[in-house]
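One chain, chain A, links the two complexes that follow: it is found with chain B in the first and with chain C in the second.
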Partner chain A sequence: MAIDLDRCTGCMACSVACQAENNVSFRADESDKLRSITWLEVYHLQNGKEYPDYQFTYLPRPCMHCDSPHHSPCTFVCPVNATTRDEVSGIVNHIYPRCIGCRYCIVACPYHARDFNWWDPKWPKSMESMLSPEVSTRMRGVVEKCTFCHHRLLKARSKAYLDGIDPNEATYVPACAEACPTKAITFGNLLDPESEVAKLSKDPRAFRILAKLNTEPKVYYLSKHQWVHKLGDNSF
Partner chain B sequence: MKEEKKSASGKGVGGIFFFGGFILALIFGWIVFPNLLFSEKAQPLNFSHVAHQDSTCDQCHSFNPDGTYSGIPRLDNCVECHESPMTSEESERILVEEYIQKQQEIPWKVYAWQPDNVFFSHAPHQAKNIECTQCHRDVSKEAKLPPYSENRLTGYSKSTMKMIDCEKCHAQMGANNNCQVCHK
Partner chain C sequence: MKFGRRAFLQFAAGAVGGTLLSPMPWRLADDTAIWSQNWSWRPSPERGPITTVPTVCTLCQGGCGIQARLVNGNRAIFLEGNPVHPVNAGGICPLGAAALQYLYAPYRIEQPMKQTRARGEAAGFQPISWSEALDDLVKRLARLKSEGTPGGVACITGSRWNSMDDLWARFFSAYGSPGLFKMPSHSDSLRATAKLALGKDSPLAFALENASYVLSFGAALVEGWGAPARMQAAFMRWQKNGAGKGAAKLVQVESRCSMSAAKADQWVPVVPGTEALLALGIAHVMVKENLYDADFVSRGVLGFEDWTDMQGKVRSGFKKIALSAAYAPDQVAARTGVDAAKIQGLAREFASTANAVAVWGGGQHNVPGNIYHEMSFFALNVLRGNLKSGGLVSLVPDVPFQPADDQTAASAEGGAPQVKLGSVPGTRVPLPGNGIYGFLDILTRGMIPPLEVLFVHDANPAYSLPENKIFKAALDKVGYVVSMSPYMDETAMTADLILPNHAAFEGFEDVVGLPGVPYAYYAVSRPILKPRKDTKHSGDVVLQLSKALGGNVAAALPWASYEEYLKNRVNALAASKRGAVADKKDIDLSRLQSSVSVSPNFKDGTDLWKKLTGGFCWYDVPVDVRSALDTDSGKIELAFRAIQGKGLNVEDDQVYLPHFKPLPPSGDEKEYPLLLLSYGMLSLSCENLANPPFMTKTLWDFVLKKNDLFVEVNPSTAGPLGMSEGSKAVLKTPQGEVAVRVHLSQAARPGAIYMPQGLGHTAYDEYIQGKGVNSNSVVEVQVDPITGMGTVWATRAQLRRA
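Now for the complex of A and B:
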C-alpha cells in the first residue's frame, strides 16, 4: 500500500469506509477516544513552527503488515498463534476465537495499529442487518486490527479460480483505497515491479514510518516535505 | 491375621465397585452422551435425488459468476417443473401447497453449514479436481434425505466438516495452511 500524503485532505472517508466494511463496533459514547476502536486512524501532524512557516499534514495509519524476517512484532509475541503472517500474501491477520486477550501484541506493535474489545460489540437493532457477512464480528476480550480487507482477497482469488486465472495474479482494492476521493491510497502487489504501488515505493518522496526499527512496514508514505519524513521516524 | 483378611476382602469389593462404575462411565461417555448431545431434526420435506436423475447436478448446485457457490437451489428452480404437483407424493403436496403457492423459500437444514467465522469457497477445490463426495455424502442413489443431527450445545450439524479435516487435506495437497486462508 502506498499513501500519498500530499494528496490526502484528511476527510477520513477511508476510516469510515473501513469501519463500515469490517463491522468495527462503536460505543454509545464515543467522546472518550482512548477506548474507541479504529482500524485506520488519521493523524494530524504539524511542523511546530509559527506562522508563516506553519505547515500540517494528515497521515492515515492502517496496519503496516510488517515484513520483517520470520515475524512481525505482533506475531512474534503472540503466545497462542492467534495472529500470524501469511507468507504467500504477506498479510498479517488475527483470528479472533483463538485470541486469549493478553494484549501482548498491542504492546509489541510500534504503530498502535491494534485495538482491544473491552466490551461485547453492540449495534442498534436497525444496524444489525447492515453488518457485512464477509467479516466476522468480534467478541469481548479479543484484539482486532486492519486486515487489508483480506476477505476481498479471498473473494478475488475464488473468482480467479473459477475463471481459470492464476489466483496469485488476482487483484483487489481494500475499502479505504476504494473510498478515497483524491486517490491518495494505492493498493497492489509490492513484489510485482510493474505494479503502480511498487513504482510509488521507489519514488524519491517515499518513506516508511519508524523505518529505523527495521519492522519493514508494507505501507509506504509519500510526501514532498522533509519535516514529514523526519516526523515519520519519531514515535507517535 | 483377622484384620489382614478383612482389608483384603474390602479391597476386592471396592475393586468391583470401581470396575462397575468405570463401565457405567464408559457406557455414558460412549453411548448415552453422544446420543444426548445431538437432536435429530427432520427436513421440511423429503427430497429424492434419485427422482431428479434426469437433470444434471449443476442445474441446481451451481457457481455464481463472482466465484461464490449456491449450494442449495432457491424456490424458482423448483417452480420450473413443480408449479402443480407432478405426482401424488406427500412431499410434493407440501412443496406445492406450503412453499410454492405461498411463495416462501424452503428452510432446508444444511448438513454442511459452517460457522460464521469460516470462509469456504468451492471454486479452488473444484479447480483442483476434488470430487464432491470427498467431503459430501454420495447422493446419486439417495431417495430419502437422512435425518439432520443438530448439536444441542453449538447448534451446528453433526456432519459439518471439522477443522482437522480441512487442515489435513491442505497439508497433504501442499495447499496454504495459514489461519486466514479459511478464517475471516
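Now for the complex of A and C:
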C-alpha cells in the first residue's frame, strides 16, 4: 500500500469506510484514544514551528503488515499463534477465537496498530442491521487490527476461481483505498515491479514510518515535506 | 481391607489414566473451546446473498454517485462510491461512508407525533395517525386561506438543490403566502453577486478543475466548499503531476492554518476579516501596473472607468477606488499583516499565471458574506478576464424542466395576488437576498402578525442557524410548529406536530445542479430500501395537503405522488432534447465547453428516467456568460447601478462600488479583547445532520475530550491569560457564555479563538448529545445592509480561566 500524504485532505473517509466495512464497534465516548478501537487511525503531524510558519498534515495508519524476515513483531510474540503472517499474500491476520487476550502483540507493535476489546462490543439495536456478514464481530478480551480487508481478497480469489482465472492473479482493493476521494491510497502487489504501488514505493518522496526498526512495513508514504519524513522516524 | 498409601496412589493413577483414556476430557476441552467462542450476546449478522444497488447520495448537495451493498435485499450494510459516476469517480466523503448510520439511527421518529403538553417537553409527544395529523393541518391551512390571511403560513427549508425547492415554491405561490425561506448558505452570496454584476439569478460557478492558479480568500476548498467530492477531485487534479509538483498552485489567504491552508502551496496568513482588503490591495497593484485584461475590461465591463448613474451624474469607477491610497500596498500591509512586497508578488503572480482564478467564502459557517467584499473578490476575476466565454468563472446552469406550455405553473401564479417568495414585509434593503434573518427579526419584534403555522423542512434551525437564539425567540410568535424531520433533532423537539420525512435512501429524491460547478447536472436518487418507519416523503405531504385544500392549490400541484412529480420533471427534461447521460466511465465533465453542445443519448422521458434511476447522471454544457448576461447596460457591472432605484441614493461614490467595509461586531473591545471564529471540518457534520458515531470516533482528542470542547488558541494569547494545554476556560461573547477547554496551537492567529462547528447537540442520543458546545450559540450574525442577509465573520470574545 502507498499513501500520498500530499494528496490526503484529512477527510477521514478512509477511516469511516474501514469501520463500516469491518464491523468496528464504537462507544458513546470515543475521546480516550488509548481505549478506542480504530483499525485505520489517522495521526496529526506538525512541523513544530510557530505561527505563521506552522504546517501540519494528517497521516492515515493502517496495519503495516510488517515484512521483516521470519516474523512480524506481533506474530513473533504471540504465544498461541492467533496472529500469523500469510507468506503468500503477505497479510498479517488475527484469529479472534484463538486470541487469549495477553496483549503481547500490542506491546510488540511499534505502530500502535492493534487495539484490545476491553468491553463487549455493543451496537444500538437498530444499527445491528448494518453489520456486515462478511466480517465476524469480535468479543471482549481479544485483540483486533486491520486485515487489509482480507475478506475482500478471499472473495476476489473465489470469484477468480469461478471465472476460471488463477486465484493467485486475483486483485482487490481494501475499503479505505476505495473510499478515498482524492485517490491518495494506492493498493497493489509490491512484489510486482510493474504495479502502480511498486513504482510509488520507489518515488523520491516515498518513505516508511519507523523504518529504522527494520520491521519492513509494507505501507509506503509519500510526502514532499522533509519534516514529515523526519517525523516518520519518531515513535507514534 | 486397609486402604494404604500405596493403594491410594494406585487408585489415583488409575483414575487419571482411566479418565485420559475415556473421551470425557477431550469432549470437555472441545466444549470449553466452543463455549468460549460462542458469545450469544454478541450480534451475529444475518447471512444471505449480497447485492449492489446504484443510486445518488442526497445527504448534502454534492451529488455523488454511490452504490449500496444489501444483504438479502433488505439490509443495507455499506455505501461506496460509484466508479462510473463523473463527480466522485468511486470516491466518497466520510458522511457518505457513514450514511447508513442515519438510516438505522435510534433517534429516528417512528410515526407522526403530536405535542400534548407544553412545547419542548419530550414526554408530551403522543403518536397519532397520518390521516389525523394531515386532517388537522388541512383544517388550519384552509381556515387561513378562506379568512384571507394565507401570510400566516411560513416554511423554513434546507432544500435548495433539489425539486422540493420548486415544489414548495409552487405550493406557497398557489396558497398565496410569501413566507418561504431557506436556510442561509454561501451560495446566497454567489447568487446575489451574479444578480448584481451579471443580472442573472443563479449562483456563480468556477471551473476549478481547469485552473492552474487558485487564489482562495478563506474558501474552505478541501473541507468541502459546496460540493465536497467534486472539490476533492479537483484537488487531486491540482496535485496530479506527482513528485510534489502540482499541476496547479493553490494560495490560501486565511487567518488560521486550516486544512486548506496546510494543503496549499502557499499560505498567506492575514488578520481575520481583512481578506477582502487584501483582494483590493491586489487589485490596486494589478490596475497600477497595468496587469489586468484591459481589452476585456474596456469592452465588457461597466463601472471600471467612471460611469454615469441613473440621474446622469458621473461617478468614479472601480479603477479610481482601487487606485486610491487606502488600497496601496503599504496601507493594506499595515491592516492585513501581509508584507507590501508579498502583496505585489501575489498580484503579479495572479495576473501573469495562465488560468488563474480567485475564489472565496464558505469557510466559517455556510453563510452569505458581506456583498461589498464578495464583489471585491469577484472584481479580481473581472480584472483577470475570467468572465469571457469559456473563462473560469460562469454561472451554475439551470436545468431545463419547464415545457413551453406549463399549465400548472400558470395556475400556481394565478391563484393569489402576486407574491414574491421569501420576501420580508417592510424591508428597506436595496437588493434583498435570503431574507430569513430579516423575517425572524420582524416576527420576533411583533412587526408582523404572529405566524399561525410554520413548517420546518430539511433543516434544523434551532441548532444550525448561526446565532440560533434568533430562531428560538421567533418560535414564541408561532402558533403551530410543524417539523418534517426524520430525526428527533432540536427543532423537532420544539415542534407541535412532527410529520416525519423518509430518511435518505428510502424515497425518491433528486439533485438539481451542483453548487459552484459550471456544468449542468441532474440526478435522481432512487430508494435502496423500503421505509423502515411509518414515514411519508415531505413532497407527498405537500401534494396531499394541496389536494385536500382544493381550488387553485390543487390545480397547481396535480401530481399523485412526489415520484410522479419527479417523473414529470424528467419528461420535461427529456423533451428539451438537451444534455446527455454520463453512462460510461471516465467522462470528464470539466472539459465541457459552452460552445460545443452535447447530443442527447436518451430516447424519451421513460428512457431518461430508467437511466437516471440506474445511478447515472444527466449533464449539459456550461453557460456562456456573454450570452447569459442580463444587465441593463449589457455589460458586466462592477458598479451597483441597480441600488440607486431602490431607495439608496447617496453622494459617496464608494457606496456603489466594491470596497472594504467590515460590518462591526458588537461588544466593547475592552471587555471582549479577542475575536471568535469558527471552522468546519469535512469529518464533522455541522448542518442539519448530527455527526454519526463513525465520524465522532475520528475526532481528535484535542477537539473533543469526554464532553469538553477545545478551542484553538495561540500559546502567545493563552500564556498571558494563565492558560496551558487543556486548561478549562469560560468563553464569553455578547451572545452568551460557554465552558470550553483550551488547545494551544500554532495554527491559530494570536488574538483569535477558533471553535469547531458541529458539536454541542442537545437532542439525539448518547452518541452525540451533550458533546461539546454549539458554535452557533455564541457567534454573532451581522446583517449586510445592502442585501439584508445575515453574515458571520467574527464575534468579539473574552476568554478567562474557569
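The criterion applied here is as follows: the second predicted complex is superposed on the first by the 236 of 236 C-alpha atoms of A that agree within 3 Å, B and C clash if a C-alpha of one lies under 4 Å from a C-alpha of the other, contacts with A are read in each partner's own complex, and residues count from 1 in each chain.
Here is the rule we use: contacts are C-beta pairs under 8 Å (C-beta built on N, C-alpha and C of every residue); 3 or more make two chains touch, one makes a residue touch a chain.
Quick caveat: nothing in here was measured; it's all calculated off a predicted structure.
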item: Which superposed partner A:Val80 touches (first chain B, second chain C, both, neither); value: neither
item: Chain B versus chain C as contact partner of A:Lys159, first or second or both or neither; value: first
item: Touched partner set for A:Pro97, first chain B, second chain C, both or neither; value: both
item: Partner chain in contact with A:Lys224 - chain B first, chain C second, else both or neither; value: second
item: Greater residue coverage of chain A in the superposed arrangement, chain B or chain C; value: C
item: First, second, both or neither for A:Ala211, with chain B first and chain C second; value: neither
item: Touched partner set for A:Val88, first chain B, second chain C, both or neither; value: first
item: Which superposed partner A:Glu21 touches (first chain B, second chain C, both, neither); value: second
item: Chain B versus chain C as contact partner of A:Pro181, first or second or both or neither; value: second
item: Contacts on chain A seen with chain B and repeated with chain C across the two complexes; value: 97, 133-134
item: Residue ranges of chain C touching chain A (in the complex, touch as defined); value: 33, 36-37, 39, 41-48, 50, 69, 71, 75-81, 88, 90-94, 96-98, 100-101, 103-106, 108, 222-223, 228-229, 232-233, 235-236, 239, 242-244, 257, 259, 262-263, 267, 269, 681-683, 693-701, 704-707, 714, 746-750, 765-767
item: Contacting residues of chain A [partner chain B, same complex]; value: 81, 84, 86-88, 91, 93, 95-98, 133-136, 147, 150-151, 154-155, 157-164, 167
item: Residue numbers on chain A that touch chain C, as the complex places them; value: 4, 6-7, 9-13, 15-17, 19-21, 23, 26, 28-33, 36, 38, 42, 44, 46, 49-52, 54-57, 97, 120-121, 123-134, 137-140, 175, 178-184, 203-205, 223-224
item: Chain B to chain A touching residues, read off their complex; value: 63, 65-68, 116-117, 119, 121, 123-124, 126-127, 176, 178-181, 183-184
